[in-house]
Every structure is written in C-alpha cells, then in structure tokens.
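Consider the two complexes below, in which chain A is the common component and chain B and chain C are the respective partners.
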Partner chain A sequence: MSTPTQRLAVAAIALVTLGGPALAADLVIGTATEPSAMDPLFSRTGPNQNIAMQIFDRLVQPDVNLGMHPGLAESWTNLDPTTWRVKLRADARFHDGKPVTADDVVFSLERARNVPNSPAPFSNNVSGVTGLKALDATTLEVKTAEPTPDLMERIGFVYILERAAAEGKSLQDYNKGDGTIGSGPYRFKEWVPGDRVVLTRNDAYWGKKPEFDTVTIKFISNDAARVAALRSGAVDLIDGVPPADLPTLEKTQGLKVHTTASARLIYLALDGTRDESPFVTDLAGKPLTPNPLKDVRVRTAIARMINTPAIVDRVLNKAGVPAGQLVPEGVQGHDPALKPIAFDLEGAKKLLAEAGYKDGFGLTIHSSNDRFAGDKDIAQALGQMLSRGGIKVNGVVTQPYNVYAGAATKQTFSAFIFSLGNTTPTSGPGLRNLFMTNDPKAGTGGFNRTRYSNPAFDKALTEALSTFDEKQRLAGIQAATKLVFADMPIVPLYWQTVSWASKANIAYEANMSEDTSAALASVAK
Partner chain B sequence: MTTLDAAPRAVAPAESDSPLARAAAGLARSPKAVVAAIVCALLLLTALVGPALAPQNPYDLNVLDIMDAKLPPGSESMAGQTFWLGTDGQGRDMLSAMIYGLRTSLFVGVFAGVVALMVGSALGLTAAFLGGRFDTIVMRLVDLMLGFPTLLVALILLALLGQGVGKVIFALVLVQWAMFARAVRGAALVEKNKDYIEAATMLGLSRPRILFGHLLPNCLSPLIVIGTLQVANAIAAEATLSFLGIGLPITQPSLGLLIANGFQVLLSGQYWISVYPGLLLLTLVFSINIVGDRLREVLNPRLAER
Partner chain C sequence: MTVFVIRRLLQSLVVLAATAAIVFVGVYAIGDPAEMLIAPDATPAERAQVEASLGLDRPLPAQFLTFVVNALHGDLGRSFVFNQPSISLILGRLPATLELAFVAIVIALALGIPLGLLAGLKPRSATDEAIMTGSILGFSLPNFWQGMMLIMIFSVWLGWLPSTGRGTTGTIFGVETSLATWDGLRHLILPAVNLALFKLALVIRLTRTGVRETMPLDFVKFARAKGLTERRIVLVHVLKTIMVPLVTVIGMEIGSLIAFGVVTETIFAWPGIGKLLIDSIMRLDRPVVVAYLLVVVSLFIVLNFTVDVLYSILDPRIRVGRGA
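Now for the complex of A and B:
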C-alpha cells in the first residue's frame, strides 16, 4: 500500500534520475592540477595546456593516439627543404567574431619565441624558424634554417592568439580574460585562482559542436577529495584517478572509468655531468668528488637496482608499463630492440665495485609529491631499492611540483624523479628537448635538466630530424635513441596508464597525451 | 559555590600543600583520571622502549620491501614475518611504524610543550613583576600571537624553514609560548602584591631569586594545567602539520603522516593504514586531555572539591 505522497515521491525520484542525462548541459570537471597562467603561451606544462586547448586552437589537432590532424591549418606543403606553405581554414572565427588570419598565426608564433619568465617556454617549437610571412589572409609561408620535415609537429602545437586582442597584454591581463580570446570550442569566462576556471560554449566553433553550455573546472589536488567529489556528485568528471581507487570505482554503479596507456615517461634523472653534485656524499656524509654519477657504470648500476615491474605492480596497482626508452610502442621512434632494463642486483653491485664504489656512496633522492599518480611513493620505493643495491640513501625528499620543477631545472638535485609527456606523433621533439645539449639560443635541450651533452648524439639526431624520407628519418631517430640510452643520462622507469572517471551519463575520450578537456567529454548516448 | 574571597589560598610556599602533591591526590580520587593516567604512562613507556618492542625498524629503507606493500592485518611477509596490523604502501609493518610514530609524536609534543612552558612562563613572570613598558611589549606580543590561528602560523613557518623534527618543534614553541605567558602573568599579578613577596623584597633578595624561587612556585597551578593540555595540543598540531605534508620527512612517518598516507586509500578498502594510527592518536590525545581536565578541577580553587 502506498499513499499518494509516496507515489509522487517515487515519480519525482524517477523523473530526476531518468532526466539526468538530458539535463546535463553543464559540465563540472574536478582536476588534479591548477594552471599557472591563462596566457596560453606562458608555459607548456600539462595543467596550463589543459585549459589553453579548450579556449585556443592550434594549427594541428592531435587525436587520442597522438595522431596529427588538420586544425586551424587546412593543409601544408613543403615547397623546398626549408620553405613551407600553410593554408588556413577560412571558416575559423575568434570569440569576438573576427576571422583567424595568417597574420594572427605569425603574431602567435613570433610571440612564442619570447614570453617573459616562462617556466617551460614554447620557444623550442619555433626555434628553427627563420622567416614567417602572411601571403594573404589564409596563407602562411614559413622559412626554416635547416631542413625540418617535422615542422608541423613543432609549430603545429603552438596556441594561436588574436593579434588585435593580445598584442602588448601582460600576464595579469590574460588572467583577467583580457586578451584570452581564442578560436577554440569554449570561451574564457573567469579564473578564480585556487578554486576554478569557468568556460562557456562557443556557438560559432568551426569544428565538432561543443556540448556543454558552461564548463566549470575545479582544482582538487587531493586525490581522495577528488574521488569523493565524484562519488558525491559534486563533479561530473575527474582526472588523475588514483590507481588504488580504480577497482572500487569500476564496480560503483552510476560511475564509469576511462583508461588508456599514456606516452608520459616517468624517469629518474641522474646528475652525471658535474664534478661535484649537491646531494652526492661519501659514506660519512661529506661532499664527494669526483661525482660517481659521472661514471656510466654507476648510472647503469643504479638502473639495474630498480625493480620497475615491482613498482608498477605494488605501488601503482599495475597502472604503468615498464620502459626502456623514451616512447612506448605505437609512437613513432619506438625501438622494439630497446627492452626495459632488467632488475639485476648482483650485476649492479658488480658494476659499482668495478667503478670503484664497492661500499657505495651517499645519495639523496628528490621527487615531486603532487605531479603524477604515486610520485612520492615511487621516490620512497626507489630509496628502498637503491639502498638494497648498496647505495647509502641519505634521504628521500618530496616537494610540491610548483617548487620542485623550478629547482630541478636549476640543477638543484642529484637524483630526481621527473616525467616527460610525449604529445607528438614521433619521439623526435621529446628526444631533442630532453637529451640534446642545453642551448637556449638554438632551442635545444630545453628540458635537459641533467645537462647531458653528447656531440655524437646531437649530430645523429639533428641529421635524422632533417631527413625528409620518413623511413630513413625514423631509423635515424631510433639509432639516436640507442646512442643516448647506452649512456643512461636518465633511468627510464615506466609509462603511465592514466584514468579518468565520470558519471555514467558522461563519455570521455581517454587520450595518450593525458589531456583533460571539455572538448573530449560528451553526453553519453 | 564558595566565593573567591573565601577560597583557601596558599599564602607562602608550603611543602605539604604543593600543587604537585595536590594534583596527585586529586587525580587519584577520580577513577576516570586514573585510567587515563595509566594509559598515558603505558604509551609513554611504549614510546621509550619502542625500538626494542617493534618487530621492524620502519625508518630503515633496507628492511622495507614494496613487495609487502598494502598487506591486510595478519598477513605474512615474504620473509615469514607476520604483520599484525598490516603494512602501508611502502611495505612498512604498521605496528612498528605506529610505535616509532608514537615516539616521534610524544617527543615532539612533550619537548615543544616544555620549551614553550619555560619560555612563556619566564616572559610572563618577568612581565608581571617588572610591569611598565616591558609588560606592555610582551603582552601585546602575546595578543598578536594569540590573534593568529595557530596552524596558519605553523604552516607559514614550516613553509619557510622546510621539513625536520627540530623545525616542527621550533614552530610549535613559537605558537604556544604565548598561552603560558598570559596565564603565568595573570597568576603572578595576583601573587606579587602579597605579603611574602614584599617580605622577600625587604630581605633584599635578588630579583631572579624572588621571581623563580618565590613567585613561580605559587603560579604553578595554572602552568600544570595548561602545560598538560598544550602537550596534547602540540601532538595534535604536529599530526595536523604532518597530515598536510609539511611536518616530518616522509621516510620517518609520525602518526599524522601515517594517517595522511592511509587517508588516500581509505575509500579503496585499505582501511588499516589510516584507522589504527588514528585510533592511537585519538587514545593518546584523549587520555592526556582527561588527565589535564582533572588537574584543572583539582588545582583551580573555584572548581576544587572540599
């Protein structure tokens, strides 16, 4: 027996539940990391690009498997080895209604060269470009110093601003929305630092129609709090799902998990270039010269002490793939012959003894604690393994990424955990940024925090990257990859497996570049 | 209720009626407080002999094995050792980690509490005795310190100083001394006009001797109470700071850090990493607070039993 009130209540509940998907015109995303600025060219770190890619377009658009498709550029042709012609699409409009012109592209690419105080500049993307000319409203001519077959992999990933709106604007102006005018699927509404970014739908978008009226991106850095926000319904979609929570979330009714293998490499960088390294000591804790990490045998020994499969299995709940090089299978430039370094404690000890460090030496391991899943746990696990391998681990220190990244770039540490997200179809740009001699003028080695420098590698990679024949180019990239990993300037650990979780009525395109964007979300059919 | 004037008061330091003796006697009359005091004593003892008691040294990276990570209570390790309370994400035996964590928490709490007590009461006594400009400066400083939320000040300090046991203690002392200074000054202001102080002054005793030999013993009652409660506060504050990730180094987890580590996986079913250290911290702070409350009842003349 039920009273009319009860029946009414049941009906109301049914209506709300069934009506849910149809009403999902707004999207609330809970994201782990906050951007440092709204200027899309300020920093190419993931958190910044996640916001930028929703407001701004690029010349090319990556797909979820790092494939490259036309974006603002409709087509591009190579007139001679150093001259390119890029044709822009005519129907793209900025949020203020003005058409996207070749002049805006020239402005944006020029601007990418020099953004003051940028912690991770886009300058690498335009470093080889010597001439930029707008031939007409939709045609652009690009001249390069060297033959650059992968030009579009470089300039293609720079966000395009409107010259009239952005010229002369300061960082603060962008943060307030002044100049933050792109041609992307969503418009910038506001940024409340520490809390949220709000975007609204761009009805005039040239591509796939954006699905949500309003997108609110909330910054919830605490893993447990982010998961709780999804469970309680406060947000529709979260990124950076902690591996430990995956089994329960998958079983929870009303929730969905979206998982993919990512091309982000987590690695242990070793300061193998300086004679004295700040966190290398002798067994008594005094500074040790010469720096043992300069010896490739020591670096290889460290690599062999690390049981990566165990880390992936126990610390990451299997959310990773052990790595022996920069990019995973499926990204061009991957060399199937380069296997993950095998765990071999005895071999490691032998190598250490050969190098003259039979009793080991002291080392402090540094890591971020909020950049990627499990970073501080991995640092401690490495502490265990290195300690077993015969190295006296003086400490494991973790810091927030915003503090840590700057310090690591300034060579503050000796052995430190870092990651590199590969977002291009080939490993070329990644290799160039991570391993080529650090030379800000030439735009190489921008992320080379160990200051590794090997002329043979530099030459091999430069030659490979200027080869137009695709097969030869990839073979060249693979050969260069072999060269660099024989030197072990970094110890590759694993490629992440990344997950998003959403309410069941939201679909999400899990992607290898780890982008969290409303443009990749949709109402589930 | 008796009025303040009618309340019996110690006129001069008297051995038979010292606050400590009264405290002990008063404590013994409440069964609740006796139980709490025994728990406190047991925990203190555990902390003192900890390393001998713990099955594993959880701070030694060499004995940890991530292959033993996140095992539920009662599991056996690869080496055949039983983890009665399970292991954390690094393969630390939770029981050992808690014993060591208790050591750290108690050490930090007691040490910070005692140093803050010494600094605070010295300043408070001197301020009350000297009066004038020194008094004004110290008390405005106290107002300033008490005006800021404790945790906020500690957070900022640690953000500037970095991690480490010494730094945490320093931060806790800095945020706690003001409580002691204010309480001691209040008590000393009442005492300093009494005859025995006047007599001591007439006798030509030195200032330090009057301050610490005569005035201080008569201001002990509020100090004992606040001291006890502040130790509990310091333990809780250290746990909070570690929980927020800026207290102690991650390789040497205190109770707060253990709770923080487990909190991340609480909803994924690995309750033991967070719950057991949480219970231990709760028991510790709770029993110290009960003892402190009882001391307040005994030592405060207005609440004193006949």
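Now for the complex of A and C:
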C-alpha cells in the first residue's frame, strides 16, 4: 500500500534521476579520424566536416538519409534560370551574439573559392556563381553563369562564418579559436592536435536544443583501442565500429549499437575501354587483344558470377547491403527497378560463351587493403567466385591505399575494387563524377577511372541535371542510371553498413553520410 | 677531440642530405599526394587547383630543388594536410613523445637493473628463473598485443587506469607535461609501461650477463680479499663496470623509443610524433615525413655522440677521437 504522498515522492525521485543527466550531461566521443584544421572551409573531407558541422551552420541541413532541409536559409526561389533569391532565418545568431546576416553569407561563399593551400577546397560548391549580393539583412541574391538547378545543393553546404570575426584571419588563428565563431549548436573551446577537440553548448541555438554541456571528441584511430575505450567507460560514443566487433558489442550489457546502411558503394571497376588492358591475358598468360572486358556481355557475365549476399554474409559479418546501382533506397535518384544483379553461374557461363570466351581468359584482381573494412578479403572472395565462373584468375593483388589510389587513377589495373561515398542529396554528382566522359575542362568524370564514355548517357544526365522541375530532374537521373548500369562499366557490389556504438544511456542517429556529431547524439529516454 | 667533432659533423651532414633525397623520392614513388588529400567527390577542377597550390603539378626535380633551396634557408616546407610548417608540427608533438620515452626508460632502468642484479648474483636460483622467464615474455610478446592486454586488464576489467589520450597537462619549468598533474600521470602509466616492457627485458638481460661476467674477475676477488662488503663490491665496483654496455645499448634504445613509439602511440591514442609520422605516411604528407626523418636522424647523431663521450667518462681506457 502506498499513500499518494509516497507515490508522489517516488515519481519525483524518478523524475530527478531520469531527468538529471539530460540537464547536465557531458559527452565524450571516440572518433576514428582527426580533422586537419578548425577553419571550416579549409578542407571538405569528412573528418574536418564532422567538427565543422557542430560549430557552424549551413544554408541547408542534411537529414540522416542525405535529404535536404532548410538550415540558415528559410526558403529559396528561382527568379529566372540564373538568378536566385535566398531568404535567411531571422533568429539565427553567431556565438558572440551577433545575428547571422546575408552579408556573412556573401563573405563565406566568396571565401570558399579561395582558401590558401586548401587540400580539399569547397571551390566546386561556388564555381558557377558569378554574383552575390546582400539585398537586406536576411535576403541574398545569387547569380550563376549557367542555369544551375542544383544550386542549393552546392552553396547550401558551405559553412557560414561571421565576417566581422573571420575576415583576415589565418589558419593558425582559426586553430586557436580566433574566428572559429559559427552559429551551430556547439561552440568551439579548444583543439589539442592528435588528442581532442572540446566544444561547449550554445544555449542560444535556433534549432533543436543541444543536449550536452561539454562535448569532448577524442581521436582514437586504432579500431581495437576505440572499442576498448568504450568498454572501459572512457568514452560514451564511438564511430567506425569494426564489423567483426559488432556481435560482441551488441551482446554486451550497458552498450548499444546504432547501425545504418550508408551511401558508400563498394564496386568492382572493369577496364572496358582500352583495346589492350594490362592485366587481361589469354589462357597462356600472354596479353590479349581485343580486351574481352570491352564486351558488355563479358562484363555482365562477371557481375553474375559474384554472389554478393554470400560476401556480405560470410566476409563482412552482414555489414553490407547488396547493390544494383549507385545509391541506396532513400537517397534521391535511387531507381527501385534496378535490383542487385542476381547470382547466376550458368547464365554467366552462357554469356561468356556467346561473347566467344567459352574457356575464359586470364584476369588479375586488384584491391586496397586498408581503406575500408574487409577490402582485401572481398578481393580474395571475388577471385574465387570469378574462377568458379570460368575466368582464369591470374592473381589477387592488394596494396595500401596510398599506393593503390594513385595507381588506379593512372589506369594501371584491369579489374579493381573501389568505393564511392555519396554525400549529396541526389545521386547526380556521383553519376557525373563516376560515369560521365572524363573531361577535365567540362569538369565531368573526375573519378571515372575506367574512362567509360557513353554519349547517350552523358546527354541524358546533362539534360536531367539542368532541369529545374524537381520531379522531372529525378526521373531524368533515374533514366540515366538505368542507361549506365545496362552497360555495366562497374559491377556494383554492396553499400557499406556503418555503425556507431554507445553506452546504453546515449541515443545516436545513425546516418548515411557517416557523420559523427554531438548534434546527432542525445540522452536516451 | 676537436678533429673528432668536426669529422662527426661532416659525416652527419652527408647522412642528412642523403636521407632527405631518399625520403623525398621515396614518398613520390609511393603515390600521388593529391589523391589522398582531395575530397572523395572532388571535381577535376578542384583537383587541379589543389595540385597547383601545393606545387604537385611540377616535375619531381623542380619540386626537389625548391625543397633543397628552402631547406638551406631553414624552411622544411609546409604540411600538405595541415598547412602548417612541418617542423612546428613535429616540435608541437615532441613533448608528448619525450615524456613518454622518459618515463618508459626510467621504468626500465629502475626495475631492470635491480632485477638483473638479483638474477645475476644468484644464477639458477628460483628467483633467477622467475625473472628470466618473465623477461622472455617482455621480449617475445608483440608490443601491440601487450598494449591491448594492458588496456583489457587495467581499463576494461579493473577500471583502474584510463586507456586513451594524454589527459590534463600542467606546466613544469615552462614545459607543458602530463607529469605535472595527477590525471596526466594516470594517463601516462599504461602507455609508458607498454613502451617500457621490451626495454625492461633488455636491461634485465644485459645486467644479468654483465654481473655473471664480472663476478669471477680478479678485481672482485681482490676487493673481497681487501675485506670490502659484498654490498659495496656489487653496487659500486661491479655496477660501474657493467654500465659501459648498458649505456651503449640504452643510448640507442632511447632514440628508438622516441622515434618509433608508433605502435604504443597508436594504441593509446597518444598525441606524439610517432602517430604523426604514421598518419603522414598514410596520407603521403611528404613535407612532414621528410622533416620527421631529418629530425630523427639528427637525434640519432646527437645520441651517438653523447654515448661516445659518456664512454670515456665511464671507462678511462677509452679515449674519444683516437683510432677508429
């Protein structure tokens, strides 16, 4: 029996204990990668953006599926094909209390073009912009050289700095916190290179209230050490959980795993353009012309020899989702009609015979061995599968990524495993980089390492990307996607699954862009 | 002595020049730094911009020439990744590594010499067997595995010590160090022990061998005959004799502790220069790799020299600069 007073007391205690941590909690994150600077526009690579997105806002905000939502920009309209008007929210303030104005946006976008010695500049985000004008405190006019329907996907992802605080500051100043003033959910406190970044809560944040007083982000690059740090309680949340540790962590009491399929596609690229390919041989090991990989039937046959579900299951501890195109479901541009290529050994052999290679041909498979979880094991598995499919696998060679990446770009290999992480709301930019004709002048095909070139696809995608109507644009991208995968210039294997792990009292929004940010963490209810 | 120093200096310059050339070309041969640096979805225009701003679009000899000219002016180049002078990056991380190496070597000597003496004075006793078996573990277990076990036992199971990072630093004599705070010391223990274990085993074995070799010598018998206490014989006369090989080996080992504590620094996320080196190699941050190795080579040159001078102090029969 309990009196109402007793019950009230119990409720009060429960409230205090449950509500307590949410009021004054700190968060310690153990992250695998480390930023190279505190200037948010210095480098566009993931590790730098992970820190920048907590301190700074952008005109738009991505959601966990890479979808685009209003950020500092409340709305945007297209006045004519080359003129845009962007309306900023009035309630956003920088950490020093000053309002975020259109002039700050002009400053940031102009600065993005020209950050000295930036190893990964944001210049493409603003490359087509020819004019920027602050019409009033919260209205911005943008002129572009050409019609740019995806303008907000570009300028929208540039971090916005405060002109008064950031103008004329050097990289060293930013690294010390001078000029590192944004309008994001957390304020910059300190960066100890090699060790940690410390952030504190921005109580005046306009969006979802940040939950933690102090956030310490520790850099623990070694996988086993990161997992141990979580298990010892030294950190509350870790990213980059190795697939091999997932089953143990899931079973450990007091810990939680947060997993999602990412938009990072792992694929097997096939050199289907050159008449002679360096690692394609006849059965005697002599160079083979013409290169059989030029035949779409051979490329399709190779795709059918690969049992991706088995690879995901056995090699990757289920940390993958079989893929049949560039981006997974949920990302715009995904075409539900394009299923993962079914494993079909007989069909593959028949196609090979049709193409005139009944007895197969010789092929060496290349892969990196330290780029992503399981890359060298996948190469071995592919070697076995291809040889069962009737191809004489001359060898499987794996190299460290710093050797491998440059070699792959120089077209050194014939069949090689690579990955592409999509970070944009639609698959458009990815398709343009990976499959359009390699043309440095036009800015297309930057990562087209097989030098695949298909005028029909180029035309279809270019048209789609310059369409202003959103629906038509997506339909165009989907049509182009269909076109390119019918040709099989690469064999899509799987989308990587990415995982975070935390103490049970921490919730985390697992996201496709592989972001690790305190803004995505919260105290579990 | 002067001739000796001048000759050493000239030799050192040749070594430094050769190192710079080999590493510069070596990193170039590994791969393309631009490939490592640019964003994964960079456009060809962005790539060209990066190559031009870092000077990577120029032919190798031209790049090397610029490097040499700048190096002669005392500028070892800016890191591709951090856009900071590579030498200041290295010097910024050096204190963390130095304190780790210092504590490790103190642990190794403070435990190793007494244990080695114990073992050497009572050969084939149970104590000797126990110490020697223990030292085999220190020798043969991989550093990496030792580190993980230390973390598992003392951080995950017992929860006594932190397993990652450097903790709070304080200032002693103007130097920022973990030795100044309790939190810093706690963070220091596990990585220092991990780094010390191998050296500890080495010191034990060197000391034991030295004692075993020295004890039957005439001067020990003579000292005994003179009626010196066993304590004085061992702690003064024997110890002094076995110091010569110990100093040689330890001198070189300090160098390797500082330069190549990569494994320990990686496991314990210690923000030292070893971790900087491995990260820089992975990212082909050539200016940092070159500057690092030049610093390390200089370090070894200085250590070598110090060891040679210490020799002559410990053993008056050895004179620096004569003969070889």
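Convention: the second predicted complex is superposed on the first by the 308 of 525 C-alpha atoms of A that agree within 3 Å, B and C clash if a C-alpha of one lies under 4 Å from a C-alpha of the other, contacts with A are read in each partner's own complex, and residues count from 1 in each chain.
Keep in mind that, in the parts below, contacts are C-beta pairs under 8 Å (C-beta built on N, C-alpha and C of every residue); 3 or more make two chains touch, one makes a residue touch a chain.
Not measured: the values here are computed from a predicted model.
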item	value
Touched partner set for A:Lys376, first chain B, second chain C, both or neither	first
Which superposed partner A:Val192 touches (first chain B, second chain C, both, neither)	second
First (chain B), second (chain C), both or neither touched by A:Glu211	neither
Touched partner set for A:Ala224, first chain B, second chain C, both or neither	both
Dominant contact partner of chain A by residue count, chain C or chain B	C
Contacts of A:Gly233 with chain B and chain C, given as first, second, both or neither	second
Contacts of A:Pro242 with chain B and chain C, given as first, second, both or neither	first
Chain B versus chain C as contact partner of A:Glu162, first or second or both or neither	neither
Which of chain B and chain C A:Arg388 touches, first, second, both or neither	first
Those residues of chain A which chain B touches in one complex and chain C touches in the other	224, 228, 231
Chain B partner contacts - residues on chain A that touch it in the complex	223-224, 227-228, 231, 242, 244-245, 247-248, 310-311, 314-315, 369, 376-377, 379-381, 383-384, 387-388, 393, 395-398
Chain B residues touching chain A - in the complex, by the definition given at the top	61-62, 64-67, 69-70, 89-91, 163, 245, 249-251, 263-270
Touching residues on chain A, where the partner in the complex is chain C	30, 34, 36-37, 42-46, 116-121, 123-124, 127, 171-172, 192-196, 218-222, 224-225, 228-229, 231-235, 370, 400-407, 409, 420-424, 429-430, 433, 438-440, 443-447
Chain C residues within the chain A interface of the complex	30-32, 35-50, 53-54, 78, 80-84, 89, 92-93, 96, 147-148, 151-152, 155-156, 159, 162-166, 266-272, 275-276, 279, 281-284
